[in-house]
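Okay, so subunit A shows up in both of these, paired with subunit B first and subunit C after.
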Partner chain A sequence: MAVMRINIGPVHPSTHGVLRLVVDVDGDMIKRVEPHIGFLHRGVEKLMETRMYMQSPSYLEKLDYISPLSWDELYVASVEKALGAEVKQDAQVARVVMLEFQRIANHLLWLGTFCNDMGNLFTIFMWAFRERSKVLKFLEETTGGRMFYVNIRVGGLNRPLPANFADEAHGLCDYLEEKIAGYGDLIEKSSIFMERTKGVGRLSKADAVAYGAAGPVLRASGIEEDARKSKPYYIYDKIDFIVPTGYRGDTYDRYKVRYIEMQQSIKIIRQALGMLKGNDVVGAPIRLIGPQAKPDTVLLSRELPKGEGIVYMVPDKQRPYRISLRSPAFINLSLLPKLAEGSKFADLFPIFGSLDIVLGEVDR
Partner chain B sequence: MKTCTNLKSRGYDYLKKITAVDYVDHLEAVYIIYNTLGKKEEVLRVKLDAEKPKVETVIGVYPAADWYEREMSEMFGIEILKRKSKRLLLEEWNGAIAPFRKSYTWGTDYKKLE
Partner chain C sequence: MANDLPYSVQEFMNSEKEMSKLTQMASKKYRMPLNAVFTKLSDATRAIASGTVNWGRRNSLWPMQFGLSCCAIEFMDFGASRIDSDRRGFLMFRGTPRQCDVMIVAGWVTKSMVPRVKRLYEQMAKPSYVVSFGECATSGGPWWESYNIIKGIDQVLPVDVYVAGCPPRPENLFNALMMLQQKIGGEAVRSSERSVSEDLHKPEIEGLRLP
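Right, the complex of A and B next:
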């Protein structure tokens, strides 16, 4: 049978942002996949060279608009490193709490849309969104913004924590723990879900390392690599949590790793809240950031919900001379041809969905 | 390339990022390479000529380099030697200018540069 070329897109396929895929199929089997990106390219790295340090966080939040706080924190932390600024103890704890809630919100959205594609139509989607909106509401009460926070400041946060921060967080943890535990049954007892994910899109341990898979995709292939453990920052070294890994490296493992990560995040939040002593969290005002002793380069990594994000910055006096961002979604998308070639056409979207990609972050 | 092969034999098996910096009088290609077992990170900085920057591909050692090299060559006009696929990352233009170089001025119409 002759090879047929199918063009998919540019559309929003099972994810966020615009992507075009060119797929060569022989009957039902995929011969070749070529992702075409760049529809959301805004040249953020170049734009940031023209802006003062603290004008940039709002750009970064629009990269990965599912988990904006994580990029915000990564960038401000790299500015802190360039300036040699210390972060207040309470602010460190508050940041960890908010980052872990952000991770849960990201994974919930991923889970909802992923189950939608897997034939679990809208049940999990509605549930996950119900829980996610509670998390967003909590973050809104803390930061003032529902989706885009711009709340991290050099040395701390933008505003003091609300009086009932710890109680609300504990209440939300109890709520999420109960609800997330309830998902497992519905998902894993669904034979459609299991048939469509088990053994689909396998990525071996050696390939995951060689092709540079990031975050949950890397861990699902059996590599225990998490920046929170390997390069602990803030209070993560004092917290007891596990890094879940898979062993088959298939779509199911990538689901399971994210599922356990949500439960681990709840565990982290509870321990972190125990370390919260007061409410001394407000950082430096924006205008105070100016010329300081500047290092040659700044290299900083953080475990974002989608994988390890890195900022490589050449700082200058008022603005970065050059800033380069390592996006975990970018490298995970480049894995798609490797994963999808040789599988069935209908498996393309389970595989694609399991990578958890935001095109805003891929294109930058 | 030789350094990369050397590093890989010492257990640095995971390429995290390739990027470049334009220092006007010269360019610099930056490779962030990681050891997944030893949990150690190395940063390689390669000095390149500003006029005709070129660097050898590391795709044979680190397959992850594919998209990073494409991005670097497109944004900085760096020629990647010994590379099979020359396709750009963002297709909708001809790659006539290097937008991330400091010599780029805002608002240049790339269509007129063909």
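Right, the complex of A and C next:
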């Protein structure tokens, strides 16, 4: 049978953004997938070279707009490394709490849209957004912004924590734990979900390493690599949590890894709240001149919700001379041609959805 | 209270007069060509019909499921459980432009995206409305200095309502669509105006080429 070429996107409800896929199909089987990116490119790295250090976090947050706080924190941490600045103890704990809530919010949104892609689980979309709005409300009370926070500052946070921070966080943890446990029942008893995910889009261990896969995609293939464990930062080395891994490397494992990560995040938040001593979190004033002790280069990595993100920066006096960002979403997108090849056309979007990419971060 | 009716009182009275005239003529056995009867009838019904059509249009806006970047996440929240956009007739989001009449431009528009956005607008059912959601779509926002962003969607499309914020809250979008409903119903001041940039009729934006 002749090969037919199908164009999907750049505006398509299932591509979760502005992505164009050119798919060659032979009957129902995919021969080749070619992603075309760049529809959201706006030159973030170049713009950041013209901004002073603490003007840039707003740009960083718009990279991964599903979990803005994580890129914000990664960038400010690299500025702190350039400055040689210490982070206050309470601020470290508060950052960990907020980052883990951000991870939960990210995975909830991913779960909702992924289940929506499956066809019959719009209920989960509604539920996930209900829980996500609770998390956003908590972060809004803490930071002042609903979606973009710009709350991390050199040495600490932008504003002091609210008085009922710990109580609210504990209450939210209890709420989320109960609700997330309920998702599992609904999802894993759905035969449509299980048949469309189990054994679909398998990624072997060797391929995951060869393609440089990041985050839950890498862990679902059976490699226990998490920057929170392997290069612990802040208080992660004092916290007891597991890094979930899969062994089949299929779409179901990628779902399960993220699902367990949400539960582990709740565990981390509870332990971190126990270490919160006071409310001494506010960092240095925002009029920051520039690195006094200037190292040649700064290279820093953090475990973002989507994988390991890296900032490579050449600091200068007032602003970075050059900054380069390693985006986990971009690298995971490069796996799509490999995973989708040979599978059925209907499996393309479960595979694509399981990679959890954000086009704002892919295109930069 | 008159605004709640799908037609104005004056129009209704006129149409009633027309109808009674017709019946009088018929009773006097006045010979009238058949076409003229239908023309008169359509005149009579037009008043009611135009009101009804506008009433229907503004109470069943069908937004297009079309997100570009960050603001699209708030757009999703708008359709999800907390806000529940169905309450005021912003019906289900459709994936295809041919079933929609409201385009919510949520996010920055790059130069490579302009021809595609334009084509989507042309494919939509007429009359179609455009809501510019967020600062990037309104003016370029934080990417004003970027080399790849057009500074506002009104350079390529006529815009009905602007929503400010980065990103605007979902409640804000709800308010914007309610304003659009007022506009369609003719209740808002200067409601027929749509902001159009001077560049709209230029064949090409500078430095922009079709792929």
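We take it that the second predicted complex is superposed on the first by the 356 of 364 C-alpha atoms of A that agree within 3 Å, B and C clash if a C-alpha of one lies under 4 Å from a C-alpha of the other, contacts with A are read in each partner's own complex, and residues count from 1 in each chain.
As a convention for this text, a residue touches a chain if its C-beta (ideal position, glycine included) is under 8 Å from a C-beta of that chain, and two chains touch if they have at least 3 such contacts.
Being a predicted model, the structure only gives us computed values, none of them experimental.
Colleague: What does the overlay on subunit A give for subunit B and subunit C, a clash or a fit?
Modeller: Because the two structures are overlaid on the shared chain, the partners are seen to fit without clashing.
Colleague: Quick check on the superposed pair: does A:117 touch subunit B, subunit C, both, or neither? Answer first, second, both or neither.
Modeller: Neither partner.
Colleague: For A:250, select first, second, both or neither according to whether it touches subunit B, subunit C, the two together, or no partner.
Modeller: It touches nothing on subunit B or subunit C.
Colleague: May I ask you to decide whether A:41 touches subunit B, subunit C, both, or neither, giving the answer as first, second, both or neither?
Modeller: Touch status of A:41: both partners.
Colleague: For A:360, is the partner it touches subunit B (first), subunit C (second), both, or none of the two (neither)?
Modeller: second
Colleague: At the CA centre of subunit A, how far apart in angle are the CA centres of subunit B and subunit C, to the nearest 10 degrees?
Modeller: 100
Colleague: Look at A:17 in the shared chain and tell me whether it touches subunit B only, subunit C only, both, or neither; answer first, second, both or neither.
Modeller: The second partner, subunit C, only.
Colleague: For A:211, is the partner it touches subunit B (first), subunit C (second), both, or none of the two (neither)?
Modeller: In the superposed model, A:211 contacts subunit B only, not subunit C.
Colleague: For A:73 in the superposed arrangement: first (subunit B), second (subunit C), both or neither?
Modeller: Neither partner.
Colleague: If you stack the two complexes on chain A, which partner ends up touching A:146: first (subunit B), second (subunit C), both, or neither?
Modeller: In the superposed model, A:146 contacts subunit C only, not subunit B.
Colleague: In the superposition on the shared chain, how near does any CA atom of subunit B get to one of subunit C? Answer in angstrom.
Modeller: So the smallest C-alpha gap separating subunit B from subunit C comes to 6 Å.
Colleague: Go through subunit A and flag every residue that touches subunit B in one model and subunit C in the other.
Modeller: On subunit A, the residues that contact subunit B in one structure and subunit C in the other are 38, 41, 43, 46.
Colleague: List the residues on subunit A that touch subunit C in their complex, please.
Modeller: Interface residues on the subunit A side: 10-13, 17-18, 38-43, 46-47, 50, 58-59, 62, 65-66, 109, 112-113, 125-127, 129-130, 132-133, 146-148, 359-360.
Colleague: In the complex of these two chains, what residues of subunit A are touching subunit B?
Modeller: The touching residues are 36-38, 41, 43, 45-46, 209-212, 223, 225, 230-231, 297, 299, 308, 310, 312, 314, 321-322, 324, 326, 330-331, 334, 363.
Colleague: Going by the contact rule at the top, pick out the subunit C residues touching subunit A in the complex.
Modeller: 65-70, 72-74, 76-77, 80-82, 95, 107-108, 110, 112-113, 116, 120, 142-143, 145-149, 166-167, 169
Colleague: Subunit A touches which residues of subunit B in the complex?
Modeller: Those residues of subunit B that touch subunit A are 13-17, 19-22, 30, 32, 36, 39, 43, 62-64, 66-67, 89-92, 99-100, 104.
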